[in-house]
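Once you scroll down, you'll see the structures, which are given as structure tokens.
Two complexes come next, and they have one chain in common, subunit A, joined by subunit B in the first and subunit C in the second.
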Partner chain A sequence: MAATPDTLRLESERDSAWLFVLPALILSASVVAFPVIATILLSLTDWNGLGTPRFVGLDNFRALFGEPRFWVAVSNNFIFTGLFVTLPMMVALIASAFLMIIKFGRTFFQVIFFLPVTIATIILAQVWRGMIYSPVTGAVGWLQGLGLAVSNPLADPSTSLYGVLLVDMWHWWGYLTVIYFAALRQVDVSLIEAAFMDGASYIATFRFILLPMIMPTILFMLLMTVIWSFRVFDWVFILTEGGPGFSSEVLGTLAYKTAFQQMAVGRASAYSLVMSILGLVAISIYLRVQYKSEKLS
Partner chain B sequence: MISSHLTRRAVLAGGTAIVGLAAVKANAAPRRVVWWYEGATAAQQAALEQSLVKPFNASQSEYELVIEFRGSGLPDQLLVALSAGSGPDIILTNGPAWTQRMVIAKRLLPLNDLAKKFEWDKRIVPFMLGMGTYDGTMYALPKTTETQVLFYNDTLFKKNGWTPPTDRAAFEALADKMIKAGVQPLAAGNAGARYVNRHYVGASFSCCAGPDSVYNALSGKLPWNDPVFVESIQLLKNWWDKGYFGGPKYFALSGQQSFALMAIGKSGMAIQGSWAFQWVDESFKKTGQDLNWTPIPKLSARAPYPVFPLGIGADLAINAASQVPEGAAKVMNALLDHKFIIAMSEAWGGEWDCPLVSPPKPADNLDRTTALAVKLNYETTSALQNKTYGYAPWTFWPARTDDYMKGGMEEVWLGQITAKQFCDKVDEVFQQDLKDGLVKTLPARA
Partner chain C sequence: MNPYQDRSAQFFAYLFLCSAAFSVIFPLALMIINSLRTNFEILSSPLGFPDSPNFAVYKQVWIEARLGRAIMNSCMVAAGTVAIVCLVATPAAWVIARRRVPGWLAISLYFLATTTVPVQMFIFPLYFLFAKIGFINNHFALMFVYAAIYTPFSLFLLRTYIVSIPIELEEAARIDGASNFQIFARIIFPLTSPGLLTVALIVSLNTWNEFLISITFLQTDSAATATARFYQLSGRYGSQWPEMMATATLIAAPTIIFFVLLQRRFIDGISSGAVKN
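Let's look at the complex of A and B:
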């Protein structure tokens, strides 16, 4: 088929489109590139943060792979990610579907769902630790006073990670709800009306019309959630500092403590690199899925 | 276009005069001496402003002291700033283990000449001054001496006819009585401050294994998995299992909150540091009950009594990159002034006890809490002279070993590892720190 003026114009626009992306790309790369290169280089040294770094090759990686705390942290990161990616997403989808059908109070519920996202992590963590989980000053203590067999999950090695996870999920699902709700409202109303006219129930409409239409948003938030969950640090550090024992240790807290409390910045850089690689794996999978779906469409 | 009323010369002359005046003004302005401090309440900040900043700035016109309160993130901020070759003029470190790394990295100014000028070498207790000296060069002054004792609710004790224990058997018998009476024996909690765990390790090492054993281990002559240390850790495990620490509540309460529980009689005792005096205003003063202290009981037959585990709460040093080292030294010197120490001891107890050879004579008519703090300060100084001192982990242990003990002790308490496994790991990490030259050489005990 012979090229038309329109297709030639489109091709020319595609060829020059990268020029519009270039400034933002240069800015992002320059801000990210230096720390990434520095982290890679430091991971090959025994730098303590102050003196002159000394090259030690792969010693840091050999040490960390032989360190039991590292494997506990990796395992905790995977558990955290596995639950953090799935449960809030399911709750958020249900909540956003609910927001689509209610007639009154939609804005009120959105505000309530989004509120935890707007409050500083340190405040929320202190509230959960002191006013909810605490057996002395919190709801757990009050329930124990009523004779109920509840305990502070943060005080038990077998539940400490899940105690932190619950708080982070509670904080996160409201954000997802608002994002999914916004995506659902972008779906062409005529599709929904057509489905209803054909006798589809709301659940069927949600499953076969709305969900596929917002799948790009879901996939993108899935990727973001995976990346953010691997980076988890603040909730763990404030609520348990990785304890009791090392039961809730994650790679973020391990890296921080290694750098700033043990003053082993080289080893901490190795932990950070491992964290980044795990995140990169998630990004690669997402990009692959996105590329395939774009090719199909 | 210049107005006809003003000639070009007049404008140039005026401009030159303005620039000249500005330069003179800049030269005459006091040079800033910046000190990054850690966290402090509004009242504490006001006390420091009143007792140090204002008097210092009013006493001379060359320097202006500016204190920035950086909160609990100070150590991290200092590390980053010093790494970049910047940071404040006066460096407040977490103690000798932190100072040592800064010395190795050549980030601190040698103080030998300043020490002679201000006679620090004559005014500060040599042992403590020695903790800031490396290979004969002084780099840091001790800001405050700290120790650990057994605090107790005197009102509760008198009401129940209890006497402060002096040995392990008496302590455990009393603790068991308290449990039967529904009183938690030890006010303890590590919420938000997990490093507190190693305070108990240090106290048990000094008062059960004994200071000589600790000295030998810190000098590399005795391994940390020697039976004396295993026994010390097992003792803490036994206390945990008996409920002396309050069980899971330990992870839900901060040190300050647990101290407040002692002030209302829900806990009887607390193995705490001398910094606990600064919590009295918010606890015992409000409940009207009386606080008292006694040395930590003798926890084994081999340990002497009393033993005061000694620590340096913080070191003061001068940034090697400082443009005002003389000004920084003058500020540090002001902290040794008797008037300052007395004023701050009343306003902010337990934080400004610089170990002076001749400490200030306490004022008459001290309130009860200040009198107790003064008495403790006196006993601490005597402990150095009488060799009845032990070793606090935050001062004498290297950073990696210290960090392991914080989490490792929880593993012991929760039954995840044994006391022997804990000590094996402490020894493994410490020997590596020793090999890496990160353990401070201690003054001999004899």
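Let's look at the complex of A and C:
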């Protein structure tokens, strides 16, 4: 092709397109990509954050696989994600199904349900710790005053994880409700009306018409919830710091505390790496289940 | 049967929704009510209304806890983060939406992959590097970290806006001799402004509420953002619940008011990504 001035100009414009994506790439690489590589390398070292990292091979991984605390954290992560993915989804589906049939107050309920998502986790966690769970200053104390056998779930090793989970689910289900409701409202109204004309109940209509129509949204949110809940940190760190003992420990808090409280950065990096890999495992479990259920139906 | 006319279906719907709304409001109401009571009142009866509401506690914590400074810091960090995200993510979203470079797919996959990486996977080297070069307690450093974290999400949201701009507009401008930069600045940037507004809302909300990174990188009283300050205070106020709850209310108020005023845009922005895909 002859290089006319015009094609030359277009060529250079094509080259300059790179300049538009470069700032985003440089920013992301310097904050995420390079530090991720550094974390992988640090997981093979013994480092207190100050001196020179000492290469120790796979010692960190061998050490953590022998730790009871590590295995509790791993199983807590899976329990947490399993329940966090399912329970809020069910509540949100019921709530959004009800929102579909009411005449007044749709916006009002949506705003209320969504409210906790707009408030900082540190604030919600402290409110729950002091005003709900505390046997001295909270609703639990008030119920005890009435003679009910309730206690602070965060103080008991057998319930601490679930105490944390409840707060996180309380703050989260409204977000799902708003999203499901937005999806439900895009379903063609004539489909729903036709079902009612044929004498279908609302439950049947929801199950066989509305639910399949919003399935893509439900599945997408499930995937996002798996990703987000596997890295749970704030709620555990603020409510229990992983305690009592290490009963509510998760990999996110374990890695963080190991790095910044024990200054064992090499070992912390190993926890982070295991956490990321298990997070990917959780995602692939989810994708496999979804793939199988799609093949079935 | 049509549930709109079914009395019992309506009854159960409102019963469920009202109890759900109550369970959401209850802890938040306790936060506000107990901020107005004395510690003694709370201890003697955890649930109850104040004998005489003590509004002075708000003024007290505002001065004592230096909340004005913390809220200013939060505003600055949020505004800075939004500015960086918009400047960096919009051009990248344009390139990806129009597939202007050969590696556009690899680049989108890279950004998609970064959203699955937990913060603990990159914060340790970053922290010790920042500590070495004196970037701890530096708001600009924090803005760049936040901007990098929120860029992928913003990029994908903005992409959907850019895809819906007719490509003929760009082609016409190109024929008239406009450069890439002129097309971007005069056509793409203005026409994506509704998307930019949504990005600004969500990014500033996330920045305001973020916990892990802010408590790690901001360690002094004067540098702390509102959430970091509240974390520092929960050690200091310990069991002084009225002070704690007043501080909590003051920090939560801006986001709540903002959300209630702009709820349509918030809800549309947050659900659009999930519903359309």
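FYI, the second predicted complex is superposed on the first by the 249 of 297 C-alpha atoms of A that agree within 3 Å, B and C clash if a C-alpha of one lies under 4 Å from a C-alpha of the other, contacts with A are read in each partner's own complex, and residues count from 1 in each chain.
Throughout what follows, contacts are C-beta pairs under 8 Å (C-beta built on N, C-alpha and C of every residue); 3 or more make two chains touch, one makes a residue touch a chain.
Predicted model, so just to flag it, every value in this text is computed and none were measured.
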Clash or fit (per the criteria above) of subunit B with subunit C on subunit A: clash
I want to verify the contact counts: of subunit B and subunit C, which reaches more residues of subunit A? C
Of the partners subunit B and subunit C, which touch A:190 in the superposed model: first, second, both, neither? neither
So in the superposed three-chain picture, is A:128 touching just subunit B, just subunit C, both, or none of them (first/second/both/neither)? second
Considering only touches as defined above, state whether A:260 meets subunit B (first), subunit C (second), both or neither. both
For A:136, decide between first (touching subunit B), second (touching subunit C), both and neither. both
I'd like to know which partner A:252 touches here: subunit B for first, subunit C for second, both or neither. second
For A:273, decide between first (touching subunit B), second (touching subunit C), both and neither. second
Just checking: does A:51 make contact with subunit B only, subunit C only, both, or neither of them? Give me first, second, both or neither. first
Could you say whether A:94 touches subunit B, subunit C, both of them, or neither, answering first, second, both or neither? second
Overlapping segment of subunit B (options 77-85, 185-193, 203-211 or 437-445) - the one that collides with subunit C in the superposed model: 77-85
Doubly contacted subunit A residues - partners subunit C and subunit B: 49, 134, 136-138, 238, 260
Subunit C contact footprint on subunit A (complex, rising order): 13-14, 16-21, 23-25, 27-28, 30-36, 38-39, 42, 49, 91, 94-95, 98-99, 101-103, 105, 107, 109-116, 118-124, 126-128, 130-132, 134, 136-139, 141-142, 145, 170, 174-175, 178-179, 182-183, 186, 196, 199, 201-202, 216-217, 220-221, 224, 227, 230-231, 233-234, 237-238, 251-252, 255-256, 259-260, 265, 268-269, 271-273, 275-276, 279-280, 283
In the complex, the residues of subunit A that touch subunit B are 48-51, 129, 133-138, 151-152, 154-157, 238, 240-246, 257, 260-264
Using the touch rule from the top, collect the residues of subunit B that touch subunit A in their complex. 75-76, 79-80, 82-83, 101-102, 104-105, 107, 191-192, 194, 248-253, 257, 261, 399-400, 403, 407-408, 410-411, 413-414, 416
Considering only the defined contacts, which subunit C positions touch subunit A in the complex? 1-4, 6, 9-10, 12-14, 16-17, 20-21, 23-25, 27-28, 30-31, 34, 42-43, 45-47, 84, 87-89, 91-92, 94-96, 100-101, 107, 110-111, 114-129, 131, 144-145, 147-149, 151-152, 155, 174, 179-181, 184, 205, 208-209, 211-212, 216, 226-227, 230-231, 234, 239, 241, 244-245, 248, 251-252, 255-256, 258-260, 263, 266-268, 270-271, 274-275, 277
